[in-house]
Structures are given as C-alpha cells and as structure tokens.
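Common to both upcoming complexes is chain A, partnered first by chain B, then by chain C.
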Partner chain A sequence: MFPPIPNPATKPVPPKFGEQDLIRRSASRVTPPAQRQTEIAKLIDVSKCIGCKACQSACIEWNDTRPEIGVNTGVYDNPHDLTPNMFTLMRFTEWVNPETENLEWLIRKDGCMHCADPGCLKACPAPGAIVQYSNGIVDFVHQNCIGCGYCVKGCPFNIPRISPVDHTAYKCTLCSDRIAVGQGPACAKACPTQAIVFGTKDEMKHWADLRIEDLKSRGFQNAGLYDPPGVGGTHVMYVLHHADQPEIYANLPKNPTISPIVELWKGVAKYAGLGVMGFAVAFGFLHHLVMGPNRVTEADEANAENLTGGNPS
Partner chain B sequence: MTNSWTDIRNTDLVVIMGGNAAEAHPCGFKWVTEAKASRGAKLIVVDPRFTRSASVADFYAPIRQGTDIAFLLGVINYCIGNDKVQWDYVKAFTNAAYLVKEGFAYHDGLFTGYDEAKRDYDRSSWEYEIGPDGFAVVDETLQNPRCVWSLLKQHVAIYTPELVERICGTPKDKFLKVAQMIAECSSPTKTMTSMYALGWTQHSKGSQNIRGMAMLQLILGNIGVRGGGMNALRGHSNIQGLTDIGLMSNLIPGYMTLATDKEPDFATYMSTRGFKPLRPNQISYWQNYKKFMVSFLKAMWGPAATAENNFAFDYLPKLDVPAYDVLRAFELMNQGKMTAYFCQGFNPLQAFPNKAKIASALSKLKLLVVMDPLDTETARFWENHGEYNNADPSKIQTEVIQLPVTCFAEDEGALVNSGRWLQWHWAGGSPPGDAKHDTWILAQIFLRLKKLYQNEGGAFPDPILNLTWPYKNPEEPTPEELAKEMNGYALADVFDPNDPTKKILEKGKQLPGFAALRDDGTTASGCWIFAGCFTEAGNMMARRDNSDPDNTGAYPKWTFAWPANRRILYNRASCDINGKPWDPSRKLIEWDGAKWAGYDVPDIPPTAKPQDVGPFIMNPEGVSRLFVRRMMRDGPFPAHYEPFESPRVNVVAPKVRGNPVARVFKDDMAQFAEPESKEFPYAATSYRLTEHFHYWTKHVWVNAVLQPEFFVEISEELAREKGIEKGGWVRVWSKRGEVRAKAVVTKRIKPLICDGKPVHVVGIPLHWGFMGAARKGFGPNVLAPFVGDANIETPEFKAFLVNIEPTTGPVA
Partner chain C sequence: MTARDIEPGDMVHKGHPVTVDRYTAGARLNHWVTAASLILLALSGLALFHPSLFFLTGLFGGGQWTRTIHPWIGVVLFFSFTGLFLRFWKANLWAREDKAWLNRIRDVLTNHEERLPEVGKYNAGQKFIFWGMSFLVIVLIVTGFAIWDQYFNNLTSIPVKRVAVLTHSIAAVAIICIWIVHVYAAIWVRGTISAMTRGRVTGGWAWRHHRKWLRELVSGKRGG
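Let's look at the complex of A and B:
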C-alpha cells in the first residue's frame, strides 16, 4: 500500500510554493528561481480503477462547483464531457480484446495532465493567465484570463473549458491549494483503491514500475507508463494495461504534441506579429496626426442602440 | 463476516459471486486491490453482468441469475472428483464422518418428508444416527454409505460441467477454469475468500446459496484461517448492528430467539435451546443460553425480573407465526389487519417488491409514522407524482406523521461494520431544523405511553410500567448510557464458579466480557455478544490504535470486535489437529503445549486440548456442518431450484416450481409469470450502482450529477432484436407493473445460452424515485415479485421476468 498523505495540520501552515516558484507565465517573461522545487506527480493506475467516481465527487466538493444534473444518454459517463464545473471525468470504454476475445471495461479518469511543456500556456495571449510552477503544476489565474479559448486549442488533450458565466477558462488545478499546504489532491484522497496516488515524480515512476511488473505477471505484456515525451512528460501519468494502444482508452493520444499552429504562433509568427502590430501603432499615430481624433456621431449612437436592442449593456 | 475487511489482504484468491464489491462496497474493495498488488492474489467474478468488479478481475464468468447453487455444487463435485479436498481439515473439523439416520433421502428435487399442501417438510429424518452413548455415530473412514461425505458425494454427482452449463448458461470452459482456480485453494497454504452480498441473499433460496459456498470453503479448509472465510458484505453501515441487536420480529439481541406461542413458559422455551453436545468433550457454547437470556431480561426489567417470575419471561411477546417479517406485515396491512405502522429509517414503498401492493397496503392504514432524515417516497405515498406515483389523495384516508430525525453524521454512537467491529463515532455536525435523535423521539413516545398506562391501566401494563429506564435524563438517554447497558454490569458481587470465595466482579461494575454472565440474576446485559465493548477500562469501541503486530491484518487495538474482540471467527481451525498452523506464514494462533495464544483472541477455551475440543464451539458437534440436519427449512443440503419467475423450468426436477417450501401468499401466486413465459420472456435482475447509496443519495446534488437518471441495461443482441437504441426510451413491464426508462445498450450483458436457447438479461438499477434531487424515475420494485427466502423471507429481488419494448419519452 502506498503510504497515505498525513491528515492536515490543525494550525495554518505557510504555503510551500508561490509566485517565486514560477518557471513559466503566459505571454510574459519570468526569471526562473535559482532553487527548483521537487517535481510532483499524480499517478492514475487504470488497472486498479473501479470507476466509482469518488474522484469526481471529491473534485466537485473541494472546488465547490455545481455541475448540472443531466440525463442518461445510454452510457455511464456523467456529466458527458468535462465542463467548467467538472474538472475530471471517468470515461468508460467497452473494448473487446482481439487477442483474447474477452471484454475489457477500460475506465480512465480524464483531466489536465499538467504537461512539462504546456500547450495551453504557450497558446495563451493573456499575461499571467496561465502559470507553471517549478514543481510541475500548471495553473490558471482567473483574474488574468480573457476567455479567448486559445488554451483549448493549444491543449493536446482537449481539457480546458470556457465558462459561459464568467468567460474564463477552467481545468484541474492539481489541487495546487491543497498541495501548497502539504496535502494531496482531493481525488487522490478520495480514491478508495489507491488507483490515484500522489508524490514526487520519481516516486510515482518507481511505484508505476512495481504495478507494471504485477500487470505483466498477469499476462498484460504491454503494460506500461504513460508519460508522453511529446509534451516533455506529464505530471499526471497513467499506468495502462495496454500502453502500446493508449487510444483505446477513450482516445488518449498516442503521441501528444503541441499543435504546430501554436508553435508557429508563439515562434516565428510571434515576432512577425509584433512587427505588424508595431506598424499598426505607427500608422494609427500618423493617421491621428493627419486626420484628427475619431468622433461619435448621433447616427453612430442610434445604430448602436439598434444593435443592442435598446439595452445599454 | 467470519473474517474482517482488513483480513482480505491476506488472501490468495478472491471470489466475488452473489455480490459486486467494487461497485457496492468500493471502500472495502481496497483490500482486494491490496491483496492483488502485494500478494499477487487473483480475483474471480461470477455474475450475470460484467460489473465494475469484473473490470478489475483476473477472470470473469457469466451466470444466469438464480442458478448459483447449481454452479457451486458443480464446483464441489469438481473438487471431490479431482481430489481437491483438504482432507485433514474435512476429517477433523466437519461432520463428513457423521452417519445420517436411515430414511433420509433426496429424489426429484425433494428431500424426505415433503408435504405439498403445507409447502413444508417433516424434517425428522434429517438427523444423525445417535449411538447408545447418546452421541452421534461417526465413521472416520468415510466409507459408510450413510455418512455425510457419502451422501454429499451422491448429492452433487449430477452437477457436472455440462449440467452447470445447461442450467447456468456458463460456458463449460469458463466454468472449468473457475473450478480449477478455486480447487487450487484446497492446499493448506492457499486460501480463498468469498465476498458476497445481496446477489445471494435476495433469492427464494438465498440462505442455501450461502450454504453452498460455506460447504465449499469447508471442503477447501478455508474457514477460520487468515485470508479465508465467508464474508458477507453488509450494505447499510449498521445493518450488521441491526441483526446483532435483533431488530427482527422473531429475534432478541445477540441472536437469541423470541418464544413462540407453543413455548408458553420459561422451562419449555429453554428445553429447545441450550443444546447438549453431540460428541464427547465438546463446548456447545449455546449451553450458556440461560445466562445470556436471564441477563437480557435483567437488563430489560431490573428488579421486576426475579427468579420467582422466571425473570419476567412472561413480559416478552410470543409469536403465533414464524415471524412478522416485512412481507407478512404488508400482506396483513393489505388485508386491513394491521392498521398502524412505524417506519423508522426505512422506505418500503421503494425498497419492497410489488410497489402497487405496498401502496395499496399503505393506503389501508389508519396511521403511518415516518421517522427519517429524508423526505421519503413512503412518507409521500399518497401524493400524486404522475406516472411515477399515480396516487389519488382524495381516496386515501391514512394519517401520515413525519418526524424528522438526525442522520448518522449528526449522531454519536457505534456502528457495527461487516467485520463485526463496533466502531464508535462522534457527531460531525448539529441536526438541522427540528430534527431530533431517534433516541429522543422513542424516549418521548415511551414516557407518554407509560403515563397513559399509569393513569388508565390496561390489559397488561407490567412490561411497560416495569421497563428499566435508568438514564440520567429520562427524556433522552445518551449513546454512552445505552452502550454501557448493552455491554452489561454486575447487579450483585459475582464470584468464581470454581471457587465461590473468590470475588471476580464487584456490584455495579461493568462486565469485562460475556464469560462473567450469570443465570441467577446477578448480572444484566442488553446484548451478550457485545459484552466487553464498554468495560471498567472505558469505551473499547472508541479505541483508535492502528498498530498491527507482524502485519497480520488483525489490528487488535482498533475499536472492538464482537465476540470478545475476536477478529477471525473459528480461528482454532487455522491450526491442524495438533494445534500447529496449517500455514506457518499465516499464523493466527497456536497451541504451545499448555495453552492457545497468538495474534487473535482464540476462539476456544485457552486451555482446551487441540485433539479433544473441536473448533466450531457454537455447534453441539464441535465441528462444522456439511449436512445441516433439520436447521434449515428447505433441506440439509442446497439443491438447485429455479426462481419463482424463471425463463427455464427446473431441469433437475421439472415438477418443482421455485423453492418448494418458500412461503407464498394466496393472491401473489396468481401474480407470478409462468416458467418459460411467452408473455414475459426476459430475465430481469435488480442492483445498485456505485454513484448512489440506496434511495438516499438521489437527494444529494453531487450524487445526482454523477448518475442522474433511471435506466435499464440490455445486451446489443436484445437491443437489435427489439429495435431499441442506445439512450432511447423503453417500456419494461412485468405481471405487476411497468416502468419507463432510458436504455443503456452494452457489451457487458450477453445473452446466456441455457438449455440450448438464449436467455436475455435485463438489468435494472434501483436508485431512483419521485423525491429528491435526481430526475424522477421508477425503481425495479414496481416489477419485482412478492416472495421471499424460505428461511428468512428476504425478497426475491434478483430474479424475475419482464418484457421490454421501445417507447417514447414522458410527456413534459
């Protein structure tokens, strides 16, 4: 049994990491800290998961979200997808193993993978809306988020969701608030079978090795760890019985990478874009000097009224 | 459980059959994953559906619901035929060698003594041959054709892998794989644990399902050992406590039984209890019955219970029928013979079969009192909720009183878990609104009743007027006071029976354990098996020391396990006849030449010599029973019977329908579909899902999010045949009612080929109703039949017949 995380202290404890531990900040430069924190990780052992959804329930409780009560669409997945109110989700797949002809019910807990090389952060144009700590946690900072949805496009796992209420992006925080005070993620705490465990990334890899050994002894020759190098590795990893076919687990990408569009946008295009913007600013200034400021006419006001249906908002 | 949740990690093989531990007991299931991860244990799941337990199993085999006995007797037959028997265990610790009386036999699905008109047996031939010395006659060679072993071999011989496949629909190769994996555990150093729950109990032969596995475990030598046992997974967090404390109409605390009206006086009552040993030197612990009973009566009526009045035995009611179980209660209500009903923490409109009958019965009541933390369907049975509860309030005269009570998290006290641990817990919050503790409400009712009797007299007011009520605040007894009373205390100084000058307990002190109980009125104990839980050393149930010397899984200082803080029952059987552990790596206790000692509290007198005294001290034989004599109504061995509503006739005994001695009320038989019914061709079963707990959590937003809406599950094959779409609406109906549901079409249910033809299974989860946060829906009990187990009347929720067709959604 993996040693459980001790119960919380009864007195407040100072946070173990914070602003000073950022190694990346969206659309900004940070000076990486001299002293890096030990990398942490969450290990999800799909072979131990019984699909009880205690993780989903703990996630709702801890983050105090209120997903809507939906309907049944002929499957066990509820809600049917990640939402701004549901940061993690059990995805159920009924898969017939062609080699044994046995049914395997593959149950994968979906959610943010906390990539070492995070596509969301790279795609984000809002300064400081997405940050990465030296321990590996990728977190969203809502007051900086502009709700543009680029993080959704940038994510190779299709994780972030934009709230129609406050127009900002939501996803699993890896319970950064709990981990900062020495606790594990809420989902790991709630998991009854230790299918979710939490610790340093090295510990998790070692623990995964033991699990893979056990699975191989039971005939799962391709059991392995999912820690995809295409995104620099992840801080949420899976033990899979069929690591050679991650896509059978509700389309877990075989070789996730950041979309070339994002790489382009943040690479060459970024500098080209800056050039275009500089030109636009210069042109605008010249235009102002020559033509004078823009004025709103009464006709403009009337058109605007019509567009908003008489509502000033 | 004979063992405990924590002990499951010691096993080599987990068999989940008649249950779905991962789904219904996810927290306890951690010990299965632990056994798999650390010991390399294997997990087998046998179930009509590929469940969440099956999703993490090493091997899954399908079975048609209600045919478990054929499967289990098939495995026993396999073990006997392949010499996979732990012989030393079977010979020394079971009744295999005992001779059965001439005259006992089994033919055409019936044992000797059947009376069709009474639907009952004359069980007199189901007994041992008794020798001139007054003891049962045994044949240690097991050669005598009348010995239990010979009779068992003969009884199971028909259950070949071919017959198992024909009845159960389990493909022969899968059955043989399971049988072979189980048979390996006949080695003294390999153990198997059986984890079962309502999938076995909720049949008209539920008790015999469990007997079948218990017999198999005895043949493999797996009872009393670490990682073995018969482990009933209890559903509600305190349902174990419910049975311990005797909350059945025919029980009193500590598994004692109420007298029947044929036992009008104490002497007659005692004459059929307190069994004499059937073999020399045996303990037969129930010989102490009188001590438990007198101490119970003293706890109830204190000074009013005297030797002269047989300790107020006459104050106890006498049963005129075997039991007033829930089915009988609702039958009587429906006949207008029961007119007031107290419903405490119970939602029968949803939880009991044939909802139409339950609703009709409730409508005939004069008074219904519902004590519950939730606004239950039962409390609202009179309210119209469209097709979900089509009641007409203008036609219902029942007065309904709802008394809001606290929920478990707002209470202090002990909950007894499946492993018999009495775990004390503390209130985590204050009750909302006007909610009151159940004890407060019951105290108020009692005090008012007493006053009425005092003022107005009555036919027989003595049991009420003389009831012991010693609580500091009579208006609300505290959990501590009640726990101390259940443990018991000395009413006078108690002396050592072997040395009457030696005082072992002073008047007024808490009892250290049930060994201190006396039958002369000097001790009181509300529930003898709990003795030791609250002693002079304090509240043992509140202990939270999780040390576990040598990692045995016993955790002896964590709370208190009844009896006597013993973690594994019959643990003397973990050693051979000479008192040495069968498996030294799994030592539990051991005979050191003078006494028994080890990690657990020995389940045998500490100085009882291993060759003399058998491990099954509660039985007058001192050994366990493969042949259960006359103690079960439906046979000394289990036999295959179909459910009352079955897609197949009984191939073993075509004339026998259902369990031949299960009680069926007159009007209910007419409401059962015929075997192999054309009108109702599909085999339905009901069950629970992880996302919900019974009918409670549909009131909770989060759980309602995780599983929002009522559905039924069917195979892709049936869906194709009937034109049913995944996520589409279906109508499912039985001879008793109909429901509308969403369809989950799944590969996890497959048609079973039984007797050459497919049987389609319709799975119906049970968590929805017309109250609460989740979407309104139906439950399977709109459809389920009104019949119970022949021995304890648990309804047959797990196997009945339905029809199904696509339909449209409800009109919004």
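Let's look at the complex of A and C:
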C-alpha cells in the first residue's frame, strides 16, 4: 500500500507555492524561478479501478460544482462527457481481448493530464489566464480568461470545457488549492482502492514500476506506464495493463502532441503575420517618400473640359 | 450600346472644373459601414492574434467583450460587404486592357500615368482589391462560424476548428494587407478620397486615371 497523505493540521498554513513559482504564463513572458519545486504527479492505476466514481463525487464536492442530473443512454459514463462542472470522468470500455477472448472492463479516469508542454497554455491569447507552476500543475485563472475556446483547440486530450454561464474555461486543477496546503487531490483522497495515488513524480514512477511488475507477473505482458513524451511527460500518469494500445481505453491517444496546426498558428503565423502587415505599411511610407503623390495636373482638367464640350454650363 | 463598368448614378457635370459623380449616397454609406466594421474587426482580431496587441481589448471593454463582439461585427461586415459586392461586381469584371495595365505595373508605381492604357471605372489593381476582399470575406465568415463556439460549438470537431482558426488568422492578415494597399492607394492618388466622401471626383482625375470610363460617360453609354 502506498502511504496515504496524512490529514493536514487544523491550523492555517501559508501556501507552499504561488505566483513566484510560475514557469509559464499564457501570452506573457515570465522569469523562471531560480528555485524549482519538486515535480508532483497523480498516478491512476487503471487495473485497480473498480469504477465506483468516488473520485467524481469528491471532485464535485471539493470544487463545489453542480453538474446537471443526466440521463441514462445505456452506458455507465455519467455524465456522458466532461463538462464545465465535471472535471473528471470515469470512461468505461467493454473490450474483448483477442488473445484470451476474455471481456475486459476498462475503466479510465479522464481529466486534465497536466502536460509538461501544455497545448492549452500555448494556444491561450489572454495574459495569465493559464499558468504552469514549477511543480507541474497547469491551472486556469478565471478572472483572466476571456472564454475564446483556444485552449480547447490547443489541448491534445480534449479536456477544457467552456462554461455557458460565466464564459470561462474549466478543467481539473489537480486540486492546486489542496496541494498548496499539503494535501493530496480530492479524488486521490476519496479513492477506496488506491487506484489513484499522489506524490512526487519520482515517487509515482517508482510506485508505477512496482505495479507494472505485479501486473506482468499476472500475465499482462504489455503492462506499462503512460507518461507520453510527446507533451514532455504529464503530471497525471496512468498504469495501463495494455500500455501498448492506450487507444482501447476510451481513445486515450497513443502519442499525444500539440497539433502541428496549433504550433504553426501560435508560432510562425503569429510573427510572420505581424511582419507582413508591417511590411505593407512600410512599403506605403517608402513609396510615398520616394515617388511622391500622384496628382491631377492642369492639363488633365483641361482635357476633361475639352472632352465634355468645353464651356462651363 | 452599354458599358458594364458604368454604375447607376455615374454622371458627368460640365463646368470648371468638370465634376464626375462616382458613388451614390447609398454606395458611400454602404462603404463606410463596411470600413468601420473592418477596422473594428482588425483591432479586436489582432488583440487575440498576438499577445503584444492584447491591450487592444481595452478598446472593446476587455477580453470577454472583445471575444463576444468580434463575431457580431463580422456578421455586420458580411452583410455590408455583400451590399458592396452586388453594387460593384459588374464593373470589376476583367477587361481587355487590364492585362496591359498589369504589364506596366512599374509605370503605375513610378507615377508614369501617360504610359498606361486607358482603363474603365476600375483598374486592374482596384479589381484585385475587390476580388481579393470578396474571396477573403467568404473565407473569414466560413472559418469564423467554425470557431464561434458560443453558438456553433457543436457544428465542427476540434481538428476542423484548428484548421479554421489557422485559416481565419492567415486570411485576416491577408485582408488587412489588402486594406493597407487600398487605403494607401487612396492617399497616394490625390483626389481619390472625395469619391467616397462627397461622391464625386474632378474631370481631370477621371481623365488621368479612368479615361475609358470618362469617355463612356461623355458619349452616353449608359450602364446596363
């Protein structure tokens, strides 16, 4: 058993991280802090999940969101997708293993992966609406959010949702407000089987190795850790019994990266666009400076008068 | 016989100097509504295009308001521009002399008006601006709806939205460049701006820049 995070002291404590620990801030430059915090991570062991949705309940309770009462369409997913009020979601997949002919019930807790290279943050046009702390947490700052939905386009995992109520983007915060005072995420706290554990990223990787070893000994040859390098690694990782085919877990992307279209839009296009417009203005100035205005002459007016029949009427 | 580049209201008045009616009050109003929309769209769009221009959102009441209002101004521009398109498309059809004019683009830029062929109401450069803007307005409205997530989020998938947002920004840069050329040409070629403010130009201006059009007007070939 992974040692659970002890209950916090009842006295108020100063937050462990804040503005001074930002390593990225959307649409702004930040001076990276000289001292970086230890990277933290949440490890979701899919093989241990029993699908109880305690994590979803804990998330709703801690974040004080009020998801709508849904409808049943014949699957266990409830609600049917992430919403501005549901930051995490158990996605259920019934998968027949072609090797064993066994039905496997794959249950993946979906939510923000807290990428080291966050596509949402890169796409965001509003200064300070998305921030990344040196401990790895990617957080949305709602008072700076303008609700444009660019983060939705930037995210390789289809996670952020725009609230139709306050027109800002919502997603899992990794319980940054709990972690700041020494607690673990609400979902990890609530999980009855330790399918969700929380600690430093190194601890989590080490714990995952033990889990993978155990799974392999039970016949899951392809068990492995999901910490995709395409986004620089994530601060929410999965232990998968079939790590060779993550897509069977409700379309978990095999090699997620920030879309090259988003990279182009937020990279070359941004600078080239300003450059081209600046060039057009500069050309106008220079042309006028060198060539001067094109003026109508007296002769032109005289010609027009001749053409129209001479004498003024 | 009719000339397709004569628009309703185009008329020559004898005098000293000769004056030529070029744009009706309706066309001018239509133009300025479009112009105001385009400028507001450029300012609000650029605010979201590059972080160093985000301060422009202050003009619209902040980021949330900029995000809200930009697409609506786009709708206004689309309908307004459609009005301009219906007014001007016929006079902007390609004419035989346009190729010769384009071949002499060097003389155009060096103010050697006398070496250019006589052109109708619009020269090839103006036609390029007209058709370029027409094309880009369509691209912008289509891609704009694809990323107007507040109302049309479910119309398109995220991969489609990514292509749409990139295309939208490139098309916006292109139309702003065309707009810069359009505004600069109006300043560079003196006597042009009165066409859109008062609706008329001098006979000398028409003789110098659109002689074929002036001749058609004088000889009474009414537009069809």
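We adopt the following convention: the second predicted complex is superposed on the first by the 273 of 313 C-alpha atoms of A that agree within 3 Å, B and C clash if a C-alpha of one lies under 4 Å from a C-alpha of the other, contacts with A are read in each partner's own complex, and residues count from 1 in each chain.
Just so we're on the same page, a residue touches a chain if its C-beta (ideal position, glycine included) is under 8 Å from a C-beta of that chain, and two chains touch if they have at least 3 such contacts.
This structure is a prediction, so every number in the text was calculated from the model and none was measured.
Residue contacts after overlaying the shared chain place A:P79 against chain B, while chain C stays out of touching range. For chain A, the partner touching the most residues, choosing from chain B and chain C, is C. When the two structures are aligned on the shared chain, A:P98 is found in touch with neither chain B nor chain C. Once the two complexes are overlaid on the shared chain, A:P3 sits clear of chain B and of chain C alike. In the superposed pair of complexes, A:I261 makes contact with chain C only, with no contact to chain B. Residue contacts after overlaying the shared chain place A:P14 against neither chain B nor chain C. In the superposed model, A:P192 lies in contact with chain B only, and not with chain C.
Touching of chain A by both chain B and chain C, each in its own complex, is seen for no residue at all.
Of all residues in chain B, only 22-23, 26-27, 29-30, 33-34, 36-38, 40, 50, 52-56, 58, 60, 690-691, 701-711, 725-728, 742-748, 773-775 touch chain A in the complex they form. Chain A contributes residues 27-28, 125-127, 144-150, 152-153, 158, 162, 164, 167, 259, 261-262, 264-265, 269-270, 273-274, 276-277, 280-281, 284, 287-288, 291-298, 300-305, 307-309, 311-313 to its touches with chain C in the complex.
In the complex of the two chains, the chain C residues touching chain A come out as 12, 14-18, 47-51, 54, 57, 62-64, 66-68, 109-111, 113, 147, 149-150, 153, 158-159, 161-163, 165-166, 169-170, 172-173, 176-177, 180-181, 184, 187-191, 202-208, 214-215, 218.
Those residues of chain A that touch chain B in the complex are listed here as 1, 47-54, 56-57, 60-61, 66-76, 78-79, 86, 94, 96, 102-105, 107, 192-195, 210-211, 214, 217-218.
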